[in-house]
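The same subunit A turns up in both complexes below, where it pairs with subunit B and then with subunit C.
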Partner chain A sequence: MNAFIEKLRLRMPRPEASRAERSSSPFWVMVQKEFGDHIRSWRFIILLAIVTLACIGSIYTAVTAIKEGQAGDTSFLFLQMFTISNGALPNFLTFLSFLAPLIGIAIGFDGVNSERNKGTLSRVMSQPVYRDDFLNAKFVAGLLLIAVVVFSLGFLVMGVGLFTIGYPPTPEEFWRVIASLLITVIYVGLWLNLSLLFSVRFRQAATSALSGIAIWIFFLVFYGMIVNLVGSATMPSNPMNTDAILRQQDWMMLLERISPAYLFQEAASTLLLPDTRTLNPFITQDQAYLAIDAPLSFGQSLLLVWPQVVAIIAETVLSFAASYVAFMRQEIRSRS
Partner chain B sequence: MEQAVIELKRLTKQYGEFTAVAGLNLAIRPGEIFGLLGPNGAGKTTTILMMLGLTEPTSGTAEVCGIDATRNPMQVKRRVGYMPDDVGFYEDRSGLDNLVYTARLNGIPAKDARERAAELLERVGLADAAGKKTGAYSRGMRQRLGLADVLIKRPEVIILDEPTLGIDPEGVRELLALIRDLSRNEGLTVLLSSHHLHQVQQICDRVGLFVGGKLIACGDLDTLSRELDGGPSHAVELDVTGWNAELASSLAALPEVNSVEAADSDALVGGGAGAKGRGIVTVRVTSTSDVTPLLAARVIEQGASLVGLRPLRYGLDDIYHRYFEGGDSGERVH
Partner chain C sequence: MFKSSRKIIAAVAAAALFSLTALASTSSAATGVKLYTPYMSLSAAPGEDLSYSIDLINDTDSVQTADLSYSGLSSDWKPELTAGGHPIKQLSVKPNDSQIVNLSVQVPYEVAKGDYALNVNAGSFGSLALKINIAEQGTFKTELTAEQPNMQGHSDSKFTYNLTLSNHTAGKQQYSLAAEVPTGWDATFSSGGTNVTAVDIDPNGSSSITLTVTPAENAKADTYQIPVHASNSSTSADATMEAVITGTYGISLTTSDQRLSTNVTAGGTKNLELVVQNTGSADLTNVSLTATTPTDWEVTYEPKTIASIKAGQSVPVTATIKSTSKALSGDYVVGMTAQASEKSADAAIRVTVKSSVLWGWIGVLIIVAVLAGVYGLFRKYGRR
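After this line comes the complex of A and B, so read on.
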């Protein structure tokens, strides 16, 4: 308790504390070091190479699709840079939703256990450093790095797109891209957290990496199948019973939306495709025919995906809390 | 008596059914070098972790510099330098970087940290390797870097867990000399744990014998030897040529002598088989008082020749063995 109060006091911004003083608190020192370690590591270079390739591929496929005239109407031509594909390669959004978990897992999977195995954890912990600061620093440094990567990629696609199609984005389109990049960062943050949890839990880096990848593949491949299976098993017997069918579909939707990958897909595609008016599978005939067929404004799109964003953040917080609890209760011995 | 720097009161740590440390009481005075001695798994490291607040005791208190380590680990960690056994460093960073990082975690500004790190590297003899990545350091170098790492926060107490493990004898000598230097010149209190007796013996003011989570003996070497034997006792080893039963009984007839028994001659000292070939027999004579001159005279009177004569003093080694012979070795946890 005392330690907690002392910590609160330290966290309080003192008026006389200069910027330099604050930046040298152990927490920021650790963040700085982690960030430096990530940037210098081979793993990061490899990741960057993969992601850059994916990005170039998606630009290529989008540009050829636009040139072939697949774009249809040109109202949000710039956004179609991110969502359109000529069929040969996936578009940017698909690439991102596919690679984002990989980035998160790759950055976090050996965060804690490698320090434990190298014997540096007990050394750092015997310094006047809070245990939670150690975990927070790992997370913040990873998230910063992810933000840098995701945003630089997004801007790269924007820049190259501008250069090749010569069609500037409207401010709304710009903000839509920024918002979806932000959501991507949050989504990668979730995977980073999950892999940090595994790195706290498992002593071997390989085990924790595999667990992370297993969960990724589970949500990518199997989860949808399982939900479908459950869906067909619980299908109401009477096809005329509208209420029962609606209720069952709602349940299926809820199940589907447990998967962070699905949430991200919904959130990002709604933001990048302004024509998406609802995320519900069912609309009434009145809604379908009477609504004016016009894209949503940015604010409305954001409002539409807000629950998805909150759900992703909630899942992130949940896995962070789990790693927190696991780490706080662990005994720190050297190399064991 | 001075206020103790480290004070453990009825400290207990249990892991489920297993008791790692049982009701430990210990006080360490300022400026002393205390050796915590015990076999693997005796609970040494657990005790140290509790002193730093890295593990919570099941019951009892650990106070360091008058601060409760369980409740205020941050303040304790500011004053105490801890070197874990098998200390690890960030291997893709240089030795200097590693030290600077530790210093900055302690809130030392970057510029001062660099200066201090360079100074300490000089002191532990790693100035040449300062820019080298620690992944390329040898074991001995890592251990010395560990010492520098402990000292960079200018601690009042340093706790070294198995500091001499795995380094060569020369390295051990240097490291211990360094530790002793620090304690004597800067008044640092040092607690070191080890299962290497000779080394602890060389530099410690006091030692505690720690077995199965209990401190079974504590004190300086003399106290321990006295506790061990239950009374003053002397032992002399004689190397004799022309040994015979007559001589043996004549020695045993001396009123002060308790026992006369043949001892294995030290292979290295006596030259092994060569010594036996020359008919040298080594005998150990224990007595209640010092009868060394008398023994020498007897040997010569009997017409045998005395090749060597060594009064034996109990080293920590013997004490250690005595203690551990007593207990069932099967109980020890590894």
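After this line comes the complex of A and C, so read on.
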């Protein structure tokens, strides 16, 4: 951060610069600096190594599964690179939904409090920059980094897929992958914002890291169990009462969808599995009668998961807003 | 005629004994000889073959020899005397024995009605006066007959008639063959396996001719008369074949642009232009349109029933498919059936259900609202 401040100083001797330049340029300088700091940090390299290893493992399992002929329907063979597994390792999508939040948490958890503790925050704030630029730069740099990582992994899978199965993706398959990678970026952005919020809220970096990881574990491991528990507790006593069972399942589904991890899994897997026609746990006999087992078009798949996508975007933006408000309300003192 | 072998031996011995004396007195032996045939007066039709069996009986003790001849008929009748399979002019009969002579007569085609006399002279045996009564006027013509002139079949089947053309004239004739078939039909003659347009027939000869009629594809159900002519400049023969086409019933149901897929918004309606066509050769009556739909879907037709469709004609129908709002997005099959009293046709329409975009826009609105909220925060806290 010290080098960054020097750089700011270099820029500052031009007070006559236009307002537009002053408002945008320092912000992008901060974003660049932040981005560079992350790229070079050991923390990020280790995380990236873990995630990449996991991805390579999932590619391997997908390729073996395809070679063993587990890909029953070959109409969307390329997409199966992301969703199929031979059982030894989880598939790419599962890995991504499990590990990608860690990238967000790791990038964000000490974003504000470490600067505050080191005293660099007050030094940056003493420069002629807008106060919120600091947090915005943290967020934008983190999101860019996440986008770079997620898209690299996604393209890695596509590349290896091209290389091993020798079967190019159709435009539709390509756009499906791009859309699901975009959703992944937004989803990881949600975790980045959450950890930024903790880093604003908690003075100790360790506390904020632990809070972030606690929420991560809660949603990815325990939340499903809790919902199951609630589900079995509220199961209608009469198993023949279809209406009651349907109503209870709807409620369970609603509960499940509170978890952003579940929303993400629904959204991404629907986009990558074109055969998915509904996200409801039950298809009634009425709905299934005379229905043909045929894949949906990309637009229809997107429309199907649009509520999920909207929810993820909204949650991301809201958590950013929360950290924004928390940050702006805080006092900034040197060595506070 | 048949005698025991003993009698034959005795007769031979007797003949050997008396032959020496018989040479001297042949004329006196005429009393013991006779000619005999059972059918003295026969009725016959022109062209018929008559055959007489004439016994020459020798009751004398000597061998009797006779010159055989006939008289009374013109050479048209082709009388012929045969014995033992050969034409015969002279015949001997052993004593106390008899011989048979066959007389065959062919009544000519061209003969007048009436009685004809035929005399068979057998020298010392005397003569026989035979009468032939021709009951009907003889003809001089060509005949064309069919084994089975009436046939029934569908419009896509072939009709094969076996004809026999007989030349009952005195000379060799060449006939040109023609069949008058309705427009669009095809008729071919064949004789001996090859297609022909004319045949040569010897006098009193006949030829078997095969007529193959291929009806037009869209031939209506009806009974068709097919006059057949075999003619040349001097003679001709006609016959009339009948082909009974039984109507085929055919119906097809498709869309006006042949596309069997469409899409519909969940809960929305879609109009589909259908075409009901009568592809058969008989009229269809009481065509009603029904549909097999997914649950809670509705298909209405305009018109719902068609009283009748003439062969080859088609009727446009508008189907309105109404989907339920609970339908899953994706493909459904809507089965449509056009049911006539005679036959029915199905069309399976693949209907792609698209979810309503309304909620998509509401989602966009939510995102815009949230972003506006953040912008408000920016305004409130940020740039002060």
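A few notes on this one:
Operating definition for what follows: the second predicted complex is superposed on the first by the 302 of 336 C-alpha atoms of A that agree within 3 Å, B and C clash if a C-alpha of one lies under 4 Å from a C-alpha of the other, contacts with A are read in each partner's own complex, and residues count from 1 in each chain.
Methods note: a contact is a pair of C-beta atoms (placed from the backbone, for glycine too) under 8 Å apart; a residue touches a chain by one contact, two chains touch by 3 or more.
A quick note: this is a predicted structure, and the numbers were derived from the prediction, not measured.
In the three-chain model built by superposing on subunit A, subunit B fits alongside subunit C with no clash.
In the superposed pair of complexes, A:A294 makes contact with subunit C only, with no contact to subunit B. After overlaying the two complexes on the shared chain, residue contacts for A:R257 are found with neither subunit B nor subunit C. In the overlay built on the shared chain, the residue A:I332 is in contact with subunit B alone; subunit C does not reach it. With both structures placed on the common chain, the touch criterion links A:V29 to subunit B but leaves subunit C unconnected.
When the two structures are aligned on the shared chain, A:Y130 is found in touch with subunit B and with subunit C.
Legend: residue contacts after superposition of the two complexes on their common chain; A:V309 is shown touching subunit C, with no touch to subunit B. In the superposition on chain A, contact of A:T120 is made with subunit B only, not with subunit C. Once both structures are overlaid on their shared chain A, subunit B and subunit C have a minimum Cα-Cα separation of 6 Å. Across the two superposed structures, the residue set of subunit A contacted by subunit B and also by subunit C is 130. Note for the complex: subunit B touches subunit A at residues 45, 49, 52, 54-55, 71-75, 77-78, 80-92, 101-102, 104-107, 109-110, 146, 149, 153, 161. Of all residues in subunit C, only 292-296, 324, 326-335, 350, 354-355, 357, 359-360, 363-364, 366-367, 370-371, 373-374, 377-378, 381-383 touch subunit A in the complex they form. If you check the complex, the residues on subunit A that touch subunit B are 2-3, 6, 24-26, 29-30, 33, 37, 40, 118-120, 122-130, 331-335. Residue ranges on subunit A touching subunit C, taken from their complex, read 130-132, 277-278, 283-287, 289-292, 294-296, 300, 303-304, 306-307, 309-310, 313-314, 317-318, 320-321, 324-325, 328-329.
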